[in-house]
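Just passing along the structure, written as structure tokens.
Labels A, B, C and D are assigned to the chains in the order they are written; within every chain, residues are numbered from 1.
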Amino acid sequence: MSFNSFGRVFRFTTWGESHGPALGAVVDGCPPGLPLTEADIQPWLDKRRPGTSRFTTQRQEPDQVRILSGVFEGRTTGTPISLMIENVDQRSKDYSEVAAAYRPGHADYAYDAKYGFRDYRGGGRSSARETAARVAAGAVARAVIPEVRIRAYLVELGGDAIDRTAFDDAQIDTNPFFCPDAAAAQRWEGIVDNARKSGSSVGAIVECVAEGVPAGWGAPLYAKLDSELASAMMSINAVKGVEIGDGFDAARLSGEQNADPMRPGNDGRPIFLANHAGGIAGGIATGQPIVLRVALKPTSSILTPVETIDREGQAAEIRTKGRHDPCVGIRAAPVVEAMMALVLADQKLLHCAQIGV
Amino acid sequence: MSFNSFGRVFRFTTWGESHGPALGAVVDGCPPGLPLTEADIQPWLDKRRPGTSRFTTQRQEPDQVRILSGVFEGRTTGTPISLMIENVDQRSKDYSEVAAAYRPGHADYAYDAKYGFRDYRGGGRSSARETAARVAAGAVARAVIPEVRIRAYLVELGGDAIDRTAFDDAQIDTNPFFCPDAAAAQRWEGIVDNARKSGSSVGAIVECVAEGVPAGWGAPLYAKLDSELASAMMSINAVKGVEIGDGFDAARLSGEQNADPMRPGNDGRPIFLANHAGGIAGGIATGQPIVLRVALKPTSSILTPVETIDREGQAAEIRTKGRHDPCVGIRAAPVVEAMMALVLADQKLLHCAQIGV
Amino acid sequence: MSFNSFGRVFRFTTWGESHGPALGAVVDGCPPGLPLTEADIQPWLDKRRPGTSRFTTQRQEPDQVRILSGVFEGRTTGTPISLMIENVDQRSKDYSEVAAAYRPGHADYAYDAKYGFRDYRGGGRSSARETAARVAAGAVARAVIPEVRIRAYLVELGGDAIDRTAFDDAQIDTNPFFCPDAAAAQRWEGIVDNARKSGSSVGAIVECVAEGVPAGWGAPLYAKLDSELASAMMSINAVKGVEIGDGFDAARLSGEQNADPMRPGNDGRPIFLANHAGGIAGGIATGQPIVLRVALKPTSSILTPVETIDREGQAAEIRTKGRHDPCVGIRAAPVVEAMMALVLADQKLLHCAQIGV
Amino acid sequence: MSFNSFGRVFRFTTWGESHGPALGAVVDGCPPGLPLTEADIQPWLDKRRPGTSRFTTQRQEPDQVRILSGVFEGRTTGTPISLMIENVDQRSKDYSEVAAAYRPGHADYAYDAKYGFRDYRGGGRSSARETAARVAAGAVARAVIPEVRIRAYLVELGGDAIDRTAFDDAQIDTNPFFCPDAAAAQRWEGIVDNARKSGSSVGAIVECVAEGVPAGWGAPLYAKLDSELASAMMSINAVKGVEIGDGFDAARLSGEQNADPMRPGNDGRPIFLANHAGGIAGGIATGQPIVLRVALKPTSSILTPVETIDREGQAAEIRTKGRHDPCVGIRAAPVVEAMMALVLADQKLLHCAQIGV
């Protein structure tokens, strides 16, 4: 029931604010005996780390992770794994404006409405900075599901979609956009540069595929694999939509078009002739690749002045100065991967309990 | 952690198979003293009930609900409310074909892969018949949130969208499609008739709006209101996508276009000049209407023979005879409303605990 | 977080009031493929059933259980198992007195203080009648842990303890007190007869032993096997104390006296030379028998008038007429067994998830 | 479902090993706006801190707590509160013996049986060192329930009980045993000195009273206040028994003797003429003081050689050298207080959600 925790038996809890001394995650329920060191976690954090290109925020954070518990002689012990990342670049700036007035699109007003006040420094708890803790936890989850390969990448940025026929997995890590289409990556440079220079922002769509998930993971009815994934993805900053397989397009297909026919496979498992379902039927994995997409809105931090109110309810106008990502969708890709890994690790362990072996 | 339960403090658990003697829900955590009788629940079940038009399955189920506990002298007592609905039209038919082979798009193969066998009669637990229990539970949830008005309706069927300028709330209950556009409802009759006659099926998109939700409900980070709603909606049969507010379209807007500016209101609450966010910011309700859409795939039950395998892994072909909805999206509308009510009732009560008053 | 649910992955939810139409349990998380019929559950209910001797309440309840879901062709399917027991002997009586004034020792005042009013008929939800649902659920749990043998019996009644040297397992089911000491059973007849005739009541201590629990079940730190068992036992009506192994006596031993030395066993598992710990160390089963005792207070329903207040807060006097058990501890034995089975089934399945195999 | 977490809406998660770099707790669900600084937490840690007298372990730990998140400008924000305590006195010693053989009474064997291996340094996660994190979390809980006064003290040590007629609340903090009876405290010095000098150990019984808990907190049936407290207390190292109110003695009383009669009070609340129930009826607080006792076994660490086996299953003999408490019961008193506060804070917040106001 802890709202900063996620998962059922493989469960993580995150803590920390954007401008606090540190942030972290406690991963509980990790099986014992898995090899795990800080070196296994750091590369994933480096993928999400800000300041690596001109297309993301210029905040400089090394995001060095420390394992404080749960690992002994290089292996997990089955006890909680405490991960901590210190904040080093909490620039001391004047927060009077953002403290006084609400930035439309941000969580400012909602937090005040709920809690009565808020830590306004850099967005406090509502900052995407928290996702660093998820990525660290996700690296632990990956150790639980070595049989699964997870890839997240952008398929659309600022309304400009990739060319599926030009999809090249090898491209994803060669450009700053996790883009599998070299030509699109080129175009996106211009789109993000324009947004950044004009103090505007753009949205994006991230697709994530998990291969190697065996048939059977996931459980009806209210922890369907689709539900767990949708919940996980919707918890990521700026995400406003989630779809599995063909998603919204499936609503426009006929039953014949949407069918995923099966043929006998050599290994006793079926060969599916299509994957409109995105690898999930009845809330349970079918053994096909899990495919989902998440829609991320444009960053709410823009330089254009916007009409708003202040804490006293008086009319005000605000423009968001300071460092931010012109497209939060870019750095969301490693976070989507992490959440996918965290959900699947939990489902793998749950499946053991559900079947009782 | 019960996977047939949903909710945190206002929690319901459903049970029952399509062709079993009955199905039901146990609603736990309902506050005491709320007026509740079977007459308060029945109307919502009647909206979802099959066999009310030629556009839905012809299975005849009165869906009469009985309250077996938790209510005393017409008021809730704070103890679990047990609701039961007896199945009366479990037509005895020959299930040998569906028992032997897997219907693509159905949960047949996935259930066998997970559990080793399944109750194949009418889809067993994976049948949309289970949603009757959700609707009954949802009626109890409505008693917890009298301040909230919830409406779900179809905005697209078989790829044919409504005309937003022709939106008429009063139309929704006057046609068999929960359609707010009279002209579209006319067109949809033809679409569904064609699908039914040709043994095909179509998908749909359901939109749901909740008005009257006060700012503050919902809690970061992993029980964000968006996450809870997405999880709830994805648990509904045939749902493959969920979006909040502008959802996927928001990914194509600029930060300026996507902003929801605020102005001072007379009652101390802000007036929002737009609602791209669908009433949720940072996972917390802003006081604006909650707006979401869910995509439902076409019914997997079609008369066209589809390539598949049997339980022995041998090649087979199957066509789904018997009664079914040519468009599951139609009867999903009352279920979407119920899940919205169930999530909001839970969030209202949680908010009390979160603030501590 | 449903407060009428218990368990983590093997979870049950009970519902129903003493004088409602029925009561029941929904068991969720039961593995698939286990043989289960109503005939497997009924014998356990018959052990707890009232009216079987002059030493228990004379309310006549056949406690016939019906399985409404989750079982197909005699085997569990992995879906929720709904169990229902109809109430047949809700004697229509005048409740005006108990409705108006609070019976000291009962939950009357506490329920009103919390909920504002209560279902006063026969104690409503706070009646021990609810434990029938637990026993039914417990029978399902037993199917999950065939390797475990559970026995609960009274070791003390009305302050009169059994002679441990006269302990005879075969005696337990041959007397109405689940007493392993024939001589004590004889004495207890007189104790309970006296209590019953004088309108008084007596307490009891129930001991429960679970043999065959493998080393490893249970998980630190807040779901220690001791914690789970203590929580389960304390939820039983009238229970005021729980101890594991030597329990309170262990506080009077020296470290040497309390040690449980180990010797090599033939099967690779250690032979323990003592079991002061009651089969649990660090919250984890050691492979020894799990041993616990629960203390049950005397029934609060007595004929002696007791000083109390009425709903208006005015002074009153009340004596509890009507049917009741002169010693609730007697019929608690089957309930203690059921709760032990329910905890162990949950722990067995959790262990799979904790180890990840 | 995280087994190192406790609580339902006010929830804490602890992490850390005895000889790791640090340990800590993440407190989630704390209401916003409560004054909280490290200075509010430190005094409670100091009460539990080792090395304060010759009667406890000589390990020197300042137990300085740091608040890493969830507090802004001296007030809680409603976001997770991360508390960290660094270990400074992890004496580097030779662990080869304890690594090779199992110490009877310790969790060594059980951890290996469950997890396959263990962090044997100072007991790793099973060390009472973890309770420092609980005490820190408990200090946060106290901020949630200012209306409640909690006192824990020893009523028995090494089998020597206090004289209830000599009970003096003021004595509790004036001796190293949290003993309310000055004469008993004198006697206990000798008992603990003898145990320490002879390398033996003794057990103790801790009583805890919470005054000011309003009627209504707690919820039937499986989160009864008794159940929650029993679960919390049983999770403390070395605890083997818990009783509420008269506990086991209640099993020896008649219904008349055990009754808690009520009289009208001036403030509309009843005056209870006795408190055999320990302030809880039907799992709900009655408004009387909550009274419970926990039994702690003697420390398993003794110098007397004990028969055991090694990791290879061969016969061995072991004696526990190094630093330890001759009576773990002494330092358990502040931990019992902390767990009482943690349960009550959770119940206070839950009550809001249960009643819906």
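In the analysis below, a residue touches a chain if its C-beta (ideal position, glycine included) is under 8 Å from a C-beta of that chain, and two chains touch if they have at least 3 such contacts.
According to UniProt, the chain labels map to these proteins: A, B, C, D = Chorismate synthase.
Quantities reported herein were computed from a predicted structural model and do not represent experimental measurements.
J.: Does the chain C and chain D pair touch with the same residues on each side or with different residues, judged by whether over half of the numbers are shared?
T.: Same, since over half the interface numbering is common to both chains.
J.: For the interfaces B-D and A-D, which has the higher count of C-beta pairs in contact?
T.: Per the contact counts, A-D leads.
J.: Between chain C and chain D, tell me the centre distance in angstrom, where each centre is the average of that chain's C-alpha atoms.
T.: Distance between chain centres: 26 Å.
J.: From the C-alpha centre of chain B to that of chain D, how far is it in Å?
T.: So the centroids are 46 Å from each other.
J.: Return the distance between the CA-based centres of chain A and chain D, expressed in whole Å.
T.: Distance between chain centres: 38 Å.
J.: Mark out which residues of chain D touch at least two other chains, giving numbers and ranges.
T.: Residue numbers touching two or more other chains: 1, 3-5, 8-9, 14, 29, 32, 78-79, 114-115, 125, 220, 354-355.
J.: Where on chain C is chain B touching in the complex?
T.: Residue positions touching the partner: 1-5, 7-9, 11, 13-17, 20-24, 26, 28-29, 32-33, 66, 68-70, 72, 75, 77-82, 114-119, 124-125.
J.: Touching residues of chain A toward chain C in the complex: what are they?
T.: The contact residues of chain A facing chain C are 1, 8-9, 29, 31-32, 78-79, 144, 220, 348-350, 352-357.
J.: Under the definition above, what is the set of chain B residues touching chain A in their complex?
T.: Residues in contact with chain A: 1, 3-6, 8-9, 14, 102, 104-107, 109-111, 113-115, 125-126, 130, 156, 158-159, 195, 200-205, 215-224, 226-235, 239-248, 250-265, 268, 270, 273, 276-278, 280-287, 295-302, 304, 306-309, 313-315, 329, 351, 354-355.
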